[in-house]
Amino acid sequence: MEKTLLYEELKSQEYFINMGPQHPATHGVLRLLLTVDGEIIKKVEPDLGYIHRSIEKMCERDSYQQIVHLTDRMDYLSSHINNEAVCLTVENALQLDIPDRVKVIRTIIGELTRIASHCLWWGVIGMDLGALSTYFYGFRDREMINDIFEETCGARLTMNYNIPGGLMFDIHPNFVKRTKEFIAHFRNKLPEYDRLLTGNIIFQNRMKGVGILSREDAISFGASGPVGRGSGYSCDVRKHHPYSAYDKISFKEALQTEGDSFARYRVRIDEMWESMNIIEQLIDNIPEGDYKVATNAVIKLPKGEFYQKVETARGELGVYIISTGTKNPYRMKFRSPGFSNLSLLNHIAVGGKIGDLVASMATLDLVIPDIDR
Amino acid sequence: MFLKFSITKTIHDWLFELMPAGVAGVVEMILIAVVYLLIFAVAGLYLVLLERRVAAWFQLRLGPNRVGYQGLLQTMADALKLVSKELTGTEKADKFLYNLAPYFVIVTSLMALSVFPFSEEFQAFDINIGIFFLTAISSIGVIGILLGGWSSNNKFALIGAMRSGVQTISYELSVGLSLLTMVLLTESLQLSEIVAVQKNGWLIVQGHIPAVIAFVIFMIAGTAETNRAPFDLVEAESELGAGFHTEYSGMKFAYFFLAEFINMFIIAAIGTTVFFGAWLSPFGITESIPWLGVFWFLGKTLLLVFLMMWFRWTFPRLRVDQLLRLEWKYLLPINLFNLVFMAGLIWLGLTIKF
Amino acid sequence: MQTEALQKYLEAWEFELTFGEETNQFLNVNVPPHQLQEFMRKLKIDHETYFDYLFCLTAVDWESTMEVVYHLESTKHRHILVVRTKTADRETPVLDSVSNIWATAEFHEREAFDFFGIHFKDHPNLKRLFLTEDWKGYPLRKDYTDEVNMVIK
């Protein structure tokens, strides 16, 4: 009798930690309720909605050109690709014949956006894990891309360069030259970054074996993008459902099989190399032609349903429009990659330590406005 | 001759001429204490500025360079700001211990500063158990950290203090052992004797291989003992709060903050004294001007401080279990082996002497 | 599998299915709510279909009925199927949860509950996701009004 009582008293107690909405490691306003026993995490429950702006409801009363402007606020780091997704859906619905010039330019700018997003991700992952200088190196290279965008598209972050029918204006004469300069510069920098973080033994010990996600779990949880590819699940939309100019170029899909944080990290670094290869294949041969196709001022989609998938820097974005023939969609749904990626956080963080949670979240690369919409 | 002018002897003689012996003795002690307090304050302030400029240099930006010439008055401005801040305190905190904790860390840092040989004559306290005294002092410093975390009555401060305490006492072992390896060469714990032995060549050269290993271990363990990156999980901003000094603000926070920088200076100073020949110039080039020794000492120390800052801004952090594993499974066995290796080397007479 | 072959294959199963028009982008199949769980499970397990990737779960408010649309893809055969189910009860719709088949459905169904009020049976954690716990009403329904916050053109 007395022995059981003593054992009851010695049991350790779980406690709650709130990684609150304002926290340097959560990349946006995300609240995580952690149930922790000592240092081991027992449960992670995300609390969303801090930046919910009801984009889907707003889309039901906006015209299609206005909807494009709402989408780049969702995942603002791959804003160009979000815009492209909506424009492609509308153009496929109207069965417009988009000129090759538009397709190639959209692909080039999409790949530049991907590199910019991964540069920022790389800087932030170093900062989260303690190597505070990497933030500045990542942002320095991102600045060069932002300058290219500013010259051609008029804005640095939320570009709105794509419109249903093509592009808003033609590319600036300096675009090709500056992009080539950037590629030459970045090809020298990326091996430096590899040596700084990837080869560092402290970094490898923090990332290897942490946050393991098996391939079946990745598919079941709907993981896409680098999260899925880090577990060996080949999910690149650019390969399986090609759009714009992706069927005309050749590139390798970055795949790793271990499924831990280090594998997801390597996938993104490889993706940056592949993006540079894609841009190099296209940048010298931009076809001549129109930069847009004329559409009506008031676009009305025919009655029916239309779905378009694209590959953003985070994963697979899906745009689903249900139209009843009027000038506003009846229902517009955005299938955001971060939403599914966040749902597997509980699965991979349980049983690890808090430091591992920070490393796993950094490699999931969540952008909260993308999840909250 | 001006070059042979001994500042301490002159002041000592002047004071004893001026007043009776007892009073002069007391006045001398007060003077030395004031000088050391000034060194503590000024060194602390300028080390903070140095850290910010070095960090900015690594991060491809300029640091503070507006306040005063090249930003030299920046930390002065920060100190004034901190002094004018409200001294908050939680209601349920243990008042006495909460106020006492910062003083532990300051007093231990000051005590450690007093034994360093800045030059042949500028050494306040040349005790015959010098190295032993230094390691004993750093053990007392842990009390300040644990008291600070406990008395804040804050769950996260306590976790931070516990982690920090465990880290410090683990790595003290490695620091002590690597210093012991060098003491084998000098056959004395007294700091001025250690410097005298290095007139035949700095200890890191005299002991070649085991001395270099001891130096590497010393730098790693020293960085860990002062809770600097890459071992600063305790104060990691992207994790929980700010560690054991979460509940401190204003001047008390400034004490902890300055003490961390002075501890870094102390580790670098120990490294300079034991491995690189304190105030001795390489190959004795300025031996005839004794007071230049201060600049040699400061130069070498600042180089080691720069090395520690370089670590901070380059490497990611270690997780707390990896930290402890590093010490107990890797550094300690290597240290013990190195000790035996150095002993063997000395016995066989294979050390390099000039 | 091609669309016609897939349609024939699914018709051979004994469920009350109706198919959508041929001009749709993907093959649409309507299933009644009481057969939803079985049908979905069979779609995942059967080797010829092997739909293991649920990539979109959308709830739609047709003013007289409430519909849920599931977009499924197979990672082995790379074909896409759209499964739809309608309930006649618009005020308090109840449907089976598929979160025990695809883990991603857990969050998607919480979102559908939050915005449309569709209650999913056997869901492990059916609470509001984006809005606060004490929010009244279901915003994405067509009859939702909010004088303070909504701007109607």
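Note that the chains take the letters A, B and C in the order they are written out, and that residue 1 is the start of every chain.
One rule holds for everything that comes next: a residue touches a chain if its C-beta (ideal position, glycine included) is under 8 Å from a C-beta of that chain, and two chains touch if they have at least 3 such contacts.
Keep in mind it's a predicted model, so treat the numbers as computed, not measured.
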item: Distance-to-centre winner among chains (Cα means, whole assembly as reference); value: A
item: Farthest-lying chain, centroid of Cα atoms versus that of chain B; value: C
item: Distance between the centres, which are taken as Cα means, of chain C and chain A, whole angstrom; value: 25
item: CA centroid of chain A to CA centroid of chain B, Å; value: 46
item: Inter-centroid spacing, chain C versus chain B (mean Cα positions, whole Å); value: 65
item: Multi-chain contact sites of chain C, meaning residues that touch two or more partners; value: none
item: In the complex, chain A residues that touch chain C; value: 48-49, 52, 54, 56-57, 61, 217, 219-222, 224, 233-235, 240, 304-307, 309, 316, 318, 320, 322, 330-331, 333, 335, 339-340, 342-344, 347, 372
item: Residues of chain A that touch chain B when the two form their complex; value: 15, 17, 23-25, 39, 126-133, 135-137, 140, 196-197, 200, 202-203, 205-206, 353-356, 358
item: Contact footprint of chain A on chain B as seen in their complex; value: 55, 58-61, 155, 229-230, 232-233, 236-240, 312-322
item: Contact footprint of chain A on chain C as seen in their complex; value: 23-26, 52-56, 58, 60-61, 69, 71, 75, 78, 102-104, 106-108, 111, 115, 129-132, 139-140, 152-153
